[in-house]
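Both of the next two complexes hold subunit A, though its partner changes from subunit B to subunit C.
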Partner chain A sequence: MEFLLEQLANFKFYLIGAYPRGAAGGLFLNISIAVLCLTISFFIGAIFGFGRLSCRKFVSYPCIIYIETIRATPALLLVFWFFFFIPSVLGKNVSLFWSAVIALSIYSTAYQAEIVRAGILAIPKGQMEAALSSGMSRFQALTLVIIPQAFRIMIPSFVSFFISLFKETSVTYVIGIVELLQIGIIVTQRQPNRMFAAYICMAIGFFVVCYSMSHLARVLEKRLGIHDLSSYRPTVCRADLLLKPCEAKNLPTQNPT
Partner chain B sequence: MIEFINVNKWFGPIHVLKNINLHISQGEVIVICGPSGGGKSTLIRTINRIEPIQEGEIIVDGFSLTNPKTDAAALRAEIGMVFQHFNLYPHKTALQNIMLAPMKVRGLSKKQAKERATRLLERVGLADKCDNYPVQLSGGEQQRVAIARSLAMQPRIMLFDEPTSALDPELINDVLDVMTSLTKEGITMVIITHEMGFAQRVADRVVFIDKGEILEIEKPSDIFVNPKHDRTAEFMSKILHIPLVPNNKKERINKAE
Partner chain C sequence: MITGVKITILIAVVTSVLSLLFGTVIAVMRNSRIKPLRFIGKLYVEIFRNIPGLFWLLFFYFVFPEILPFDLGKKLNAYPYYPIVASIIGLTLDNTSYVSDILRSGLLAVPKGQREAAISTGLSRVQQYQYVMLPQTFRKILPPLGTRMIHNFKNTSLCMAITTPELMWATQQIESITFRGLEATTIATLFYILISLSLGAIIILLEKYYKIDIASITKMEA
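Up next is the complex of A and B:
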């Protein structure tokens, strides 16, 4: 027990690493990598998400291939891969931090793309029809009617993805980034008898962040419930209505409308 | 105003509209009826090109819909559409629902749009509900807001796809009253409805569609009392709960006598 208290007294090290004497690290680094990756991959992911919804095959197929390939690859592999790949392609070294950020951004882009796509598809097709038939362009309909609704649906998924991305940032320890996990390992190497306490400290660090995020998610969900999106009639969504209608793809459905 | 010339449409292998020829002149009120799955919705949705056609030609207000140069959005701005499930934008209040298209498509200022929206809400008897979100309105109220939303674009054609069939019986009349008042304004109206009393009162002509074919186009006084076709007679007697004998059979009976 004293061991644990002793580690807790040392908590600054877990939070920000050796900063200000050395580089910043610890939990702070996990959070900043996760936030950076989430921001970068949100925008790129949205492009891939919409791309996948396109009925033009030369747009949708590359997006599908990208999304499915990345989702089938462990984050650890991507982190490793970029660590070796970037220097050999660019011919110069990128800092460990940026190499990790790029690798994890590419990893999260695939997931964000799927969140965006699912959010858009969750909007009943009648919304698009109503907007179009009032004379709006497809772009206006998307930006004024579809996306504002879809975004509300996506928020809980974004938060839960952020939580899993945050935990995923711990794999960057393999390329030597001094984040929370690495700090714990350093501590256990210096003081092998304090191993148990060190591991508990790491767990506390991850738990506090993850739990407060999922609490935030619940608050957001409740707050956004004002407009109660689930209350309108669920209808089957057709992706082809969202971007240019594809006549060739109109497959027969069972139930007449 | 609206002209169908040999229109054919397929959904994959299903032939949904078969050789449709129909001329609707300015200010006419047309009621379309027929059994479920007959292609009524599809027909009405081809008028504002929400459903594309594969063969034939549709001319609306002098513009050919099959001509790729026709600006679909500009044409749709002149055609109001009211849906069975209302399709109000759930993230906007009643007033905002009505203001959106006039501002974004017609370029009205916020003040002008608000004025127009308030006037229309008064007209459909919902002046006190302007700040309600769609979920806070009853079905009948939602449909009247939806009609006001279409009217805000000052359309020359209004399309109604079963506007009352998702409503409780006691709410239907409010909506029908609003529609009846519209027929006196010289707007060309195409209405899908099974409210035969209403059709009898307002329709200039009734179109009966079954299995993708137009079987009869008649004055309401003729089609309800003296249907020419077996299938029309069968349908009408089901809807009106009175036995009807088609014309050609009557003749046969007369001859036999």
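Up next is the complex of A and C:
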């Protein structure tokens, strides 16, 4: 028990590393990498998500290939790949922090794109049709009607994705970033007899952040109160008002009698 | 590198099967009437879901032998295959929590009438789960379960951190001998993409095979 208290008294090292005297590290670095990746990949992910929904094949196929390829590779591998790839292309070394941020942004872009796509698909077609029939252009309909509704649906999944991204940041220790896991390993190397206590401290650090975030996700889900959008289903009367005009050919004829 | 692929697949398969078993147990525990059992299940899931898998791998490799009583820890450290065993334990525990969460949501999605019908036909509690609840649950949760299994396969790359001789570790060995990091990592990436995409295809086939044709059932009833 004393070991544990001693390590807990050392909490500053776990939280911000050797910051005033050296580079920042620890849990602060984990959170900053995760937040940076989330913001960068949100915008790129939105582009890929819309791209995948596009009915033009030269737009949607590259997006599908990108998303499926990245989703099939482990984050660890991407972190390594960019660690080797960036110096060989640019000819100079990028700092470890930015190499990790780029790799994890690329990784999370694919997942964000899927979240955006799922959010937009959850909006019933009638919304788009109503917007178009009230005289909006396709762009207006998308930005003023579809996205505000879809965003509401997406927020809880963004929070839960942030949790898994936060956990993925722990893999960046393999390229030598001094984040929480690396801090714990440094402590165990300096004081091998405090190993158990150091690991408990690491676990507490991860647990507190993730648990509070998942609690936030649950609260948000309740407060946003997703509406039952699927209850309203008008029938399609004009083919050119469809969400995807290229599907108009497959539409069944209106009056089979 | 090929031995690396073999060990990666071995770890992935063993952890998937084990975590499916334990996950079922924990999901049933979380669904039970007895409060302590429910509490234990919830505690387990919360702890293992909120701490990264890499942490558990390091924990079981470095710390677990230290806290064992007597000389068990030293024996474990001397055991040549201990990295593989530790990675299997760590990944299984990590994956079990996710699988049990998916299974629990599947169990909750089974309509109440099914259970009531099972009780009224005189099945015992074990039989209820065995013949009525679990088969329906597994059909329902196949897509998220498949995604989780692919994720688990990808997580085996983390075992590199504890010197398990799997694909990623082999890549690092090649890199340190030949200094051709980019080429080795690219080939490893191709291997991972190939295996995960084929896993995904298998899961889609399974889904089609086990899908209940609701339209035909309603026709039969009519």
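Annotations
We take it that the second predicted complex is superposed on the first by the 228 of 257 C-alpha atoms of A that agree within 3 Å, B and C clash if a C-alpha of one lies under 4 Å from a C-alpha of the other, contacts with A are read in each partner's own complex, and residues count from 1 in each chain.
FYI, contacts are C-beta pairs under 8 Å (C-beta built on N, C-alpha and C of every residue); 3 or more make two chains touch, one makes a residue touch a chain.
What you see is a predicted model, and the numbers here were worked out from it, not measured in a lab.
Look at A:Gln149: by the touch rule set out above, it reaches subunit B but stays clear of subunit C. Once chain A of one complex is fitted onto chain A of the other, the partner contacts of A:Gln127 are limited to subunit B, with no touch recorded for subunit C. Residue contacts after overlaying the shared chain place A:Gly91 against neither subunit B nor subunit C. In the superposed model, A:Thr188 makes contact with subunit C only, not with subunit B. Contacts of A:Gln140 after superposition: subunit B is touched, whereas subunit C is not reached. Taken in their complex, subunit A has these residues touching subunit C: 68-69, 71-77, 80-81, 83-85, 88, 163, 167-168, 170-171, 173-174, 181, 185, 188, 195-196, 199, 202-203, 206-207, 210-211, 214. For subunit C in complex with subunit A, the residues that touch the partner chain are 46-47, 49-55, 58-59, 62-63, 66-67, 150, 154-155, 157-158, 160-161, 168, 171, 175, 181-182, 185-186, 188-189, 192-193, 196-197, 200.
The touching residues of subunit A, counted against subunit B in their complex, run 124, 126-127, 129-137, 140, 144-145, 148-149, 152, 226-229, 231-233, 235, 245, 247, 250-253, 256-257. Residue ranges on subunit B touching subunit A, taken from their complex, read 10-14, 36-37, 41, 48, 50, 52, 54, 73-74, 76-81, 83, 85, 87-91, 100-101, 104-105, 133-135, 146, 149-150, 153.
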